[in-house]
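Here come two complexes built around chain A, the first alongside chain B, the second alongside chain C.
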Partner chain A sequence: MSFSIKKDGEVVVVDVEGQLIVGNRQELKQKVLDELERGEKKFLIDFSQTGYIDSSGLGVLVSLSKKIREQGGELRLANLNDDLKTLFELTKLDTLFQIADTRERALQSF
Partner chain B sequence: MPPALNDERSDDRVRVVEVDIPSDVRYIERVVELVRRECESMAFAKRQTAFNVPVALTEALSNAILRGNHDDPAKQVHVRARIDTSGLIVEVGDEGTGFDLDSALSDPTTPDNLAREDGRGLFLMRKLMDRVERVDAPSGSVVRMTLHRE
Partner chain C sequence: MIDLARVLDAFRAATDCEASVWTQPNPNAPPSLGAGTANAPTVHHFPSVADGEQTIATPAGDALVAAVPGPRRAWLALGPCTSQSIALRACMTFLLPVVGQYLQSALEVEHAANELAERYEEINLLYTISEILGRTVALDEAARTILSEVSETVGARRGSVLVFDRATNSLHPVAALGAPLADVHPISADDACSVSARAFRAQHLVLAEDGEMLCPEEAQYRRGAMLSVPIMWTAPAPRGAEPLGVVNLSDRRSGQSFTAGDQKLIAAIATQIGTAIQNTRLVRASVEQQRLAHEMQLAHELQMKLLPDDDIVAPEAIVAARVVPAESVGGDFYNLFRLSGGRTGVMIGDVSGHGYQAALIMALSMSASAIHAQSTTDPGEMLASLVGTMREELATTEMFISAFYAVIDPAANQMHFANTGHPHAFMLPHGQEFERLAATDPPLGMDERPPLTARRGWSAGRDLLVLFTDGVTDARNPAGERLGEEKVLQTIRAHRDEDPREILEHVVAVLDEHTEDAPRRDDLTMVLVRS
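Let's turn to the complex of A and B:
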């Protein structure tokens, strides 16, 4: 499991490879907060290479969403597979996040 | 409360996974993968092996490590899973005193709770498994989850 970060124009794109769970959530949180501290405002987290997410992973996404918004920024999620879509629907977090089907659509939505 | 699983061993029709881990969240993925693979070998539905089992078991292990054993690596978490063609029964035991499953019924999907960062673990276990219950154990606390094979 790992996280890679790159810039696409003005957007910081984070790829989550493997799981986003209690054992690695802090790593993702810190990476995004570091970018936020550098003054970045637009964030996209891409789950196309993600296996599963647990409640701790969801908690980190909620936390990051708040912190980014507090700094006047925006967060988008993209490429949730069917299981991840179900997870967001079960927890109703699909109503809290802006979720795009593809990375391209997410990038266009900023 | 029902009794804990007995000492049955693996054979062609039944797979048993039994493992003790220190209270360290870095062990969770390995245990989940062991159980997930055995469910796969019993032809569970893909959604169950890719979603229901990994997420619910991660939650149970996380609860045992962080809440039951307070993240103390000197304390052990015991996992015993029984998998056959009818389903999975997995028990996760810690050295804590446990908690009342029925008292932890707050709904994380209400407008008041939706933006909370925590409080979804037990909710997901219940949603993704057919049954979640505490079982009798000589010491510590044991949670049993049951999932019928699709």
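Let's turn to the complex of A and C:
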């Protein structure tokens, strides 16, 4: 379980490897908030290497989305696998996020 | 000197001369008679070894006196004799070494006896300390008693026991002798001038002579030389020996320095104190752990008590419900409400996260939903009021609640529901397939918009409402595979015409069979309703 952060043009791209759960959600949150503090505005979280997100992981995504919006920024999600897509649909979380099928599409959408 | 008296008597019998031995154990008092024949004269003149033999006059005739060579101050007096033919000087030459040898042996025996008595005292001290440590877990009390016992044995009038506190990196007094404990100050483990700190750091005893290493913090229990011995405890490998504190002793009654024997004895006792300190800590930790486990158990029972009995909505509705928290307390819950007009309110919720914080939000949701359910029969409105009550708590804790709330009205053959992010809500209409009652809004606390209410037809006494949390579908077997939603629905489908309580038992059996003894990662809740 780890997070890697890199810059693609103006967009901060975060890769979530493994799971996003109660045990590591604070780490993700801190990393994104640090970037936000540095003045970054555009964020993309890529879940292509993510198998599972638990409820506290979802909570952190919502909380980050709010904080980024408050600073005038934007958050996009990309590459949710079928299970995660279903989870977002079932819980209506898809209405709270802009979700793209691929990283390229997400980057283009900013 | 009984044996010596016999020798002198035998001498007299052989020579007809009186004989006596005088000793001076105390240099400030005059010599006194140690042993002598019946008519031996009193001697007043005591020559030194260098003076050799000297003749003294007594009323019964001349006598010869000489100092006995050896460590003890003693004199041998021979004469007077009834026979004039006895050569007293020759007798003196013969007898003086014999008496000297005797006195030397007697002195050695005396030393050995003293030594034995001291060892006995030390062994006795070790026994006493073992006994003190064996019957108490109160470290301060044990340290106080041990300090006074050990001081008594080595003849020290002042001392202290200091224990290391990792949090403050200092040595804290737990017992003091010769000063009130309240006046004794802690010492930093890095202190440069303190004898205690140096012994602690070096993990080796330090003997500071009078006037050496004077530190104001140690002045209360130090006079003259001070012996500081580290209290060591040997942990199982790889940690090995570590210092836990120090024992200090000072101000010896005899005024002499501490001997190698004293140092060895105190080092042995310090090791025993180390074991006692460690025991005390382990006992405390164990008691604390038991207390926590007990409190968790109480919290679990309290949380279970918050959940309603299945039969509070009977006979209008038959309900089978179960919650199994992953930890002692959790964030899953359900609630049942008896409403006007024969209607029944059914709610299931899952607070994000686990543990105490989730349990508190759960308890709050339980009581708030009970109030709001009575004020409206519209599920969307009820959930909107609920989130209104809890918005601040949810925002500050960054938690949210996925909730489903339905109001079943069998008289009107209708069910109204609102679903805020709850993934597993189904209706099983009689003779038909499952219909998913999908979420109409994201979980409570994530979105500002009021939840929507949806409506379905309801066949009274025949249709089944099926609600469960993701703890059920995500339950893993020992190989890490999830149970999955379909397996749960399949089981219910197979037993659809049975009583909801029986259907629940079938699902629980399937769940148990799947998970075997794998640990639960999430709370797990299921509610089945027929109305």
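Everything that follows uses one rule, which is that the second predicted complex is superposed on the first by the 110 of 110 C-alpha atoms of A that agree within 3 Å, B and C clash if a C-alpha of one lies under 4 Å from a C-alpha of the other, contacts with A are read in each partner's own complex, and residues count from 1 in each chain.
Quick note on the criterion: a contact is a pair of C-beta atoms (placed from the backbone, for glycine too) under 8 Å apart; a residue touches a chain by one contact, two chains touch by 3 or more.
Bear in mind that the values here come from a model prediction, so they are computed numbers and not experimental data.
Once chain A is used to superpose the two complexes, chain B occupies space that clashes with chain C. Legend: residue contacts after superposition of the two complexes on their common chain; A:2 is shown touching neither chain B nor chain C.
Chain A has more of its residues touched by B than by the other of chain B and chain C. In the superposition on chain A, A:108 contacts neither chain B nor chain C. Of the two partner chains placed around the shared chain by superposition, chain B is the only one that A:51 touches, whereas chain C remains out of contact.
Using the contact criterion defined above for the overlaid structures, shared-chain residue A:26 touches neither chain B nor chain C, since it reaches no partner. Among the candidate segments 116-124, 224-232 or 512-520, the part of chain C whose C-alpha atoms clash with chain B in the superposed model is 512-520. Comparing which residues of chain A touch chain B with which touch chain C, the overlap comprises 22, 54-56, 58-60, 62-63, 87, 90-93, 95-96. By the touch criterion stated above, chain B contacts chain A in their complex at residues 25-26, 28-29, 47, 50-51, 54-55, 58-59, 62, 66, 108-109, 114-121, 123-124, 127.
Note for the complex: chain A touches chain C at residues 22, 54-56, 58-60, 62-63, 87, 89-93, 95-96.
Considering their complex, residues 1, 19, 21-23, 51-56, 58-60, 62-63, 66, 82-83, 86-87, 90-93, 95-96 of chain A touch chain B. Contact residues on chain C toward chain A in their complex (touch as defined above): 350, 352-354, 398-400, 402, 420-424, 438-443, 446-447, 470, 522.
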